[in-house]
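Please read through the structure below; I'll follow up with questions.
Note that the chains take the letters A, B, C, D and E in the order they are written out, and that residue 1 is the start of every chain.
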Amino acid sequence: MIEALKQRLSEHFQLTNLTIKNAGLAFLWVEKHELEMLLRQLRDFEGYTHLSFIIASDHIEKNQFKLTYMLHNYDTKHDLGVHVDISRVNASMHSIHPLWAQAWTYQRELKEMYGIDFPESPRVDEDFCLEGWDDMPPMRRDFDTVKYCEEHFDDRDGRATEENRQTMKVNIYPERGE
Amino acid sequence: MFQDLLNTPLSTVVLITGFILVLIGLWGMLMHKNIIRIIVGFTLMDTGIHMVMVAIGYLTGGKAPIIEGANKNIVYVDPVPSALVLTSIVIGLGITAIMLSYAIQIHKAKKSLSIDDCAEMKW
Amino acid sequence: MVNSLTNPLNIIIITLLSSFLLPLIYQKSEQRAVNLFFAVLAAFVVISLSGYLQLLSGLPTIEVLTAGIEPPFSINLRFGIEEAFVTLAINVAALLGAWYLLPHLKTNAPLMLLFLIWIMGMNGMVMTRDLFNLFIFVEITAISTFVLIGFNRHNETLSAGFKYILAGSLASSFLLLGTMLLYFQTGTLNIDDLVAHQSLLTGPIGTAGLVLIMTAILIELKPYPANGWGLDVYQAAPTGVSALISVGVSASYLFALYKLLPLFDTLLPLIAIAGGLTFVMSNFMGLKQNQATRLLGYSSVGQVGLLVMALALLSQTNQADHYLLIAGGLFINHFLAKAGLFWLAGLAAEKDIKHWSHLKQHPVIFVLFVVLLAALAGLPPFPAFWAKWALVHTLVESQHYIWVGCILLGSLLEAVYLFRWYGYAKSKTNETAIVCQARQTFPIKLMVALLLLCGHAMAINFGLQPERVLLPVYAALAMLLLHKQPSYTKALVTLLITGIFTLQVLPTLTGLSWIFGMIFLVGSWVLTIGSLYKGTEQRPSYYPLLVMLILSLGSLLLATTTLEFFLAWEFMTVSSYLMVSLGKNAEKSSLQYLAFSLAGAFFILAGFALAYSETHSMQLSSFAQLAEHTVMIITLLLFGFLIKLGGLGVHVWLPGVYTDTDDDFTAIMSSIVSKAGLFGLFAVGIHITTQFNDIEALMFVLGWFGLVMALAGALMAVFQEDVKKLLAYSSVGQMGYIITGFALTSHMGWVASMYLAVNHVLYKGLIFLAIAGVLYRTNTRLMYKMGGLIKNMPISFVSVMIGIIAISGVPPLLGFGGKWMMYNALVEKGWYLQTAMAFFASAVAFLYLFRLIHTVFLGQQKTEHADIKEAPITLLIPQVFIMVIILAFSMFPHVLIEPLSTAISPYIASTITWTGHLLETKQGYWNGFMVMNVVAGIFLVPLFILWMLSKVTNIQPVKQFNIVFAAERPESPETTHYAYNFYAFYEKALGFLVKPNAIHFWDASAEWAHSFGAALRRFYTGNGQTYMAIILMYLGIIYLSMRAI
Amino acid sequence: MDIWISKIGYYFLNVGIVLVYGLLLGAFIAKTMARVQGRIGIPIYQPFIDILKTFTKRQAISHGIMFNLGPAFRLAGGLGTLAFIPVIYGNEMFSNFSAAGDLLLVMYFIFFGQLGMALGSGESGHPYAAMGIGRGLAQMTAYEVPFTLAVVAIFIQYDTSSITEIVAAQQGSIWNWTLFTNPLAVIAAMIAFLGMAAYPPFDVAMAPNEIPIGPPTEFHSHFLSMMQMNRAIFAGAKLILFMNLFFGGATGLIELVFKTWAIYMVAILVGAAFPRFRTEQAVRFFLGVPMLIGIASVLYIQYWAQ
Amino acid sequence: MTDKNDYPTLANADLIDAERSLFCDARPVPYEPYPVDFVEKFANWVRANSLWVLAFGTGCGAIELNPLMTSRFDANRYGIQMRPTPRQSCVIVVAGYSSVKTLKRIIRSYEQMQGPKFVLGLGICSLNGGMYWDSYNTIKRIDQYIPIDLYVTGCMPRPEALLAGFIELKDKIKAGQCDGTNRYVKDFDWYKANQKKVIKNWDMPDYNW
């Protein structure tokens, strides 16, 4: 079934890869400029009417963000993730809020947490979770959270750090220890 | 039957003719769109009325009401309608004249003599 | 010698002579020709005036015989008092009209000549007693009319003139033919002789002759629907000519009809129907009309129709004295007002009445315009008012009820379209100004003066003292002279005049009238102080009208006869209408007000007339003798008074009016003027105490009606966003209780009703004044745009707070007394479910009262209102004064209740007893003094606690945003102030009860009337031949219906 | 003069009794509810402590003069309502100032405190306060209908609006109580009482989770303690009123305690069993069957019973 | 009431001009104990026996507050009640971690409570950050921002522990040791500086009355 879908889509789009995780979940890779058309095709003709979420992951090694648009088909109970790689430098992506109105929420979140811009997405520049954040977007992998904490929040004296893994093995779950 | 018709007094003939003229005149006024024809219709009607008036005053066998001495046996035609007719002919003439002058002015102003072109005001 | 000079025949002789001279002189000198022209017209006036005066002084009727032979063998003219009056009117109008038309006339000698001949023709038509001679004068008049219409040679004028000729010649043909047929049948042309030989006219020829003559004259009087040509003439002819056609020509035809009426004995119903149909229908069609001159045409046609109808109906009733009074009154009113308006329309030079606002820039013309409209609409003190009064009385007496309905309906419609015209003139400003000189307005001014004079004379004729009953008008006119003064001066003069008037009137009143006097006069005096706050504005017409209003309320109190009452009532209606119309954008609402008020007034008129037909007395006290028609009369009067009170169903005028008027006047309107309806109820009610059994069912219905009104008013008020609308609906609700109190027709019910009325005056005046201050400072009426004003306007807040506590009836303030007595009275009467209903309505009142005070004074203040100041001191003074009165009455309720009880107990035996401060009824007791003391004492307890704890606690005053907002901060005052759609949930629950059904109904009625008017005028295709066909059919229909009779 | 001093003294005695009783009643009800839920619940003296606690707050804010006066109005409303109700029949000590006015006075005086409170909380500028008042007033208009009908039925039945005389007419036998002579009116009035008591299902005006406790949301410290006192006194006064009108009044303190407790339990039982009505639902409810019952009671008395 | 000049004022520098007139700018002042010692002691006893807790779940620990009121633990019997509005509450429970965003609301609610008022820190996160020690968005020491009267530590402490904490709090109140209200006022500038350091968009007055 999913192969057939890929066949149909390949007639129009340059699909770089297809991963089938299990019967209910598959992932496609698509070029950035084809994404909107593809999503429209999937929504209008393939039954993937629901946008579950949009997420991003930071592939700092490749200097890329990987965006994942997760779609759901209610008829076949099938989830389809569409991956798009975009550049980390001045990261920007087309807004898909004309396709799914709720997309603007995810896009606002991505703007705040990763600094990926979605021009023309409604209210994309407003604060989402963080109020008045003035540093690097905190979900980027080059953001040093420990350093940020030390700069902004004071520690209480006397807090001891133990090696967590070791503590668990020895004290809490001794029977599972090696 | 025919004889009866022939024996009809002249005044009745005039009366009937008058009424027919009135009807023709009315028909002309109502059915023609041309103002001049309407005016002609009016004069026809006016004439008809005058004939009726004259006929009303006429008595069969009556003489012209020129009274010489007081002879009670002579039947005179009633002079009053005749006098009235004269007056009303004059008046009818006046009205006709005014109508015609209106017709001239209307034609000057509108380049048309159709009564339908005089319907700019309604309701 | 004098006699021979003033011989009416000279009118004709002079004309003929001058017609030779004029062209000759004109060639020599234009000015001299004009002089001669005016000399001739002046001679006409002198002849008819001297004749009139001689006849008035008792000389016998002048019979002019021609050829020295007695009639019927010769043509004779008659110059009796009636002829003298009509010719005088025609000649005066002709003189003034010539003055007005002079710029056109003097260009052309034949025109002047024709004008003279025209006037002579009219005079001749009036005077001649010979049928054929009548025809000749008709033709003379007609021919000169035709020419005069067409002299400016516009397209429209030519069309109209030609159509007029067609119709006129058709009609004169009928006349000629009819004359001949009659002559054929009777052998005589003399009208008196014909009347004497009426028996000869029974055959088909005679009948046909009569029908032809009657139709001819009716056609000339432009009956509906055979009058399209006439309307075209009115619309297109030069206004000076239209004016004279409308008044002079119509007058002469009317007089011709009047002369011939004895001939038409059997045809009277037909004539009446023709007239009545014309009157009603043309007024319907007038609703739809926007062309000024054509509108006047419809009005003219209608007025003439009314006169025709009155002539026909009255000649059946054989009441000679009324006959002349009515016909003369209607005639002279139409005559003067219509001529004036036509001339004014010529001056205004604006066809579409929607663009008449340029009139406003010329105050004199504007005042003239209003006066003329009022006269035409049949409002007092103008002659038509008196004539209609007498006409309705006469017709009711002869049981012509349907005709009365026609007259009142037509008059109402006419007033509506006339005053809509006024509304347009009043509305938006127009840049173009009127260019006119005093010379041109002179005839109009003279007409207005004559109208006032005639009205004055009519008042005398009706046995009234004009200087007393017409005082409001004269005072208002006098106040107009101050119009250049600043508002302060005018307000002070107003206070002075009304103060003196109050001091004069109040001591003469007793009982209920005295109490209403306190309400009307003292109340409005106090509220007038508030109007000083607009001192810098000009308000040119506000104060004159205010004086008129207050004085007319005073005369209402003094009225002892139905006529005086109705006169004062109409004055009040007119003045309050005009005051309402002064507000911005008040065109629609003021027109509604006028329509409803006049409809109400007509109901009252009908009721009074019906009462008169039973008792033959105009005394209000004669209502006690009513037996047969009591229920009907009271129902009619109730309709009238309830409309004024804003009764449910007809309340639709009220919100618009209260909203659109000036804020200080709304206070007077709501608290004072609305009580006039109540005064009406009581003024009648006290005289019919013996007939209560007869009207018990009616009163039962009225009781429920009042309560439904109370509930509906309260519910509607709950859902308003506009503060004045809220208060307006609140007034509807409060009036509901008052009406129910009246309907109880028991002592306690009436005391409760009056008590509530006095309360309403106090607290509604108080609240409206306070709100006036708020509106003055905030410049918005929408409550959700206000808020938090308590900090800036504490005194206004206290006013409103006292006001709402008083309205809601919460003890210890005086409102509770009203509720308490109302419930006691209801229970005493056995109206139990009504009691619960009243309670429910008063509970609903809490909703809007809280909304009022919360959304305006409490809650979040808008940022732009931060620097608002307290209301002007002149508004605060009356408020403080009223608050003191409220507190005093609350503390000592017997001060208020005892006079009320005493005032009513002469009519209905008292059922309440006083023991010191304790008021007792059969059911319960109430000690207002003690309640006040107990509450005051108890209040000390929490106050003491507050004081004590504020000593040990640090109380920090905070600002408006320092609120617990679910751990957030408020975004802005606008989003934080809970005000808009305040009772959304209540609307979900009960909103279905207050769908605007009444408004829809009346809107639909208005729409229907307009559509009906539009349908009626489909006859007027503008085609002359159609018009002729209609005339022929009219003849046919008259003939057929004549046969049917 | 002496009579007035003694009257005032007696009145404050009454206030004390009703205050203590009202607070205890509240605690007792809370305790009962706790027991039903398997809890121990508050100590019986907890309401007193709560009042004292709010009195011992050392800080307060004020939104303005009307805000300060609001609770004062509220408390005066409660005290005044009590002042015009005779507490115990046939006892001069407990007749208060009922000579100043009849039942109508009491019915209208109930609004006094509510109005003042509404103005006070209005000045706080809190939208929830306005919302709560709006809801409360809307609900009030509705429950007044069956209550008024019941009262009118009593008017007709006893031909008087004096509370003392109404109680007097019910003396003698338990069968003389309005409860038995005019059961329809009592049913209507008791349904209205549910609305008056503002217990579920008619507590939307103070809905704690939705518009945090509605009108008093900004009140605290001693403002709140005055309102707590009023809550006790006002509840007591209303209970006494209902007892007087429908349940034969009381001739002694024990009877008073028992009857008022029983009346109060009605509201509690219903409240424990029902969820909350929305405002418009409450309004429609009262204007439905309860109103018909009220009308039936009036008609019954007017046409049947006499 | 008292005139504006009667009390020391705050700058409210972070508000825009138009809004400054909408918020009270008074600086909080400490309250003195009652002059009579016995009264103060009685007042403290009363306060301890009527603890009205603000129903504000600031973090994950809020889940522990619910069973506290139900039949198993029944905090009612100790005079503990929930109140929905800070104006009427005397105890605020900082339940678990608090993010910077929540901290702002905690501060506002705390300042809107009327003194004497008490703060109970629940869970290790409120004490030293707990498992969120390296979170960019979670403060580690709540006592730098508002005065804490008592900590109940654990992750998460069970209701029993919370109940014990309340009883401990009652004892401290009775002993007159809970002077958080006055501490906050006395060290106001220090607290405010700490608060403003972490809360970047300070769109409120310096003290939320």
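The rule is simple: contacts are C-beta pairs under 8 Å (C-beta built on N, C-alpha and C of every residue); 3 or more make two chains touch, one makes a residue touch a chain.
Note that the structure is a prediction, hence the values are computed from the model and not measured.
A.B. asks: Out of curiosity, which chains are bumping into both chain A and chain B?
C.D. replies: Chains touching both chain A and chain B: none.
A.B. asks: Name whichever of B-C and C-E has more C-beta pairs touching across its two chains.
C.D. replies: When the contacts at C-E and B-C are counted, B-C has more.
A.B. asks: Using each chain's Cα centroid, which is most distant from the centroid of chain D?
C.D. replies: The most remote chain is B.
A.B. asks: Considering only mean CA positions as chain centres, point out the chain farthest from chain A.
C.D. replies: When every chain centre is compared against chain A, the largest gap points to B.
A.B. asks: Please find which chain has its CA centre nearest to the centre of all protein CA atoms in view.
C.D. replies: C
A.B. asks: How many Å are there between the centre of chain D and the centre of chain E, using C-alpha atoms for each centre?
C.D. replies: The answer is 36 Å.
A.B. asks: Between chain B and chain D, what's the gap in Å when you average each chain's C-alpha atoms?
C.D. replies: About 99 Å separates the centre of chain B from that of chain D.
A.B. asks: Can you check how far apart chain C and chain D are, centre to centre, with Cα atoms defining each centre and the answer in Å?
C.D. replies: Their C-alpha centroids are separated by 54 Å.
A.B. asks: Among the residues of chain B, pick out those that touch two or more other chains and give their numbers.
C.D. replies: Counting only residues that touch two or more other chains, chain B contributes none.
A.B. asks: Of all the residues in chain A, which ones touch at least 2 other chains?
C.D. replies: Touching at least two other chains: none.
A.B. asks: Which positions in chain C are in touch with at least two other chains?
C.D. replies: In chain C, the residues touching two or more other chains are 952, 954-958, 960-962, 964.
A.B. asks: Would you please name all pairs of chains that touch?
C.D. replies: A-E, B-C, C-D, C-E, D-E
A.B. asks: Under the definition above, what is the set of chain E residues touching chain D in their complex?
C.D. replies: Within the complex, chain E touches chain D at residues 1, 24, 31, 43, 46-47, 49-50, 52, 70-71, 74, 76-77, 79, 84-85, 87-88, 90, 114-116, 181, 209.
A.B. asks: Given the complex with chain A, which residues does chain E contribute to the contact?
C.D. replies: 100-101, 104, 127-129, 133-141, 144, 197-201
A.B. asks: How about chain B: which of its residues touch chain C in the complex?
C.D. replies: Residues 22, 26, 29-31, 33, 35, 38, 42, 45-46, 49, 52-53, 56, 78, 80-81, 84, 87-88, 91, 94-95, 98-99, 102-103, 105-106, 109-110, 115-123.
A.B. asks: Residue numbers of chain C touching chain D in their complex, please.
C.D. replies: By the definition above, chain C touches chain D via 788, 790-791, 797, 801, 804-805, 808-811, 816, 819-820, 823-824, 827, 830, 832-833, 835-836, 839-840, 843-844, 846-847, 850-851, 853-854, 857-861, 918, 922-927, 930-931, 934-935, 937-939, 941-943, 945-946, 949, 952-958, 960-966, 976-979, 982-983, 985-986, 988-990.
A.B. asks: Enumerate the contact residues on chain C facing chain E in the complex.
C.D. replies: Interface residues on the chain C side: 863, 866, 952, 954-962, 964, 967-969, 973.
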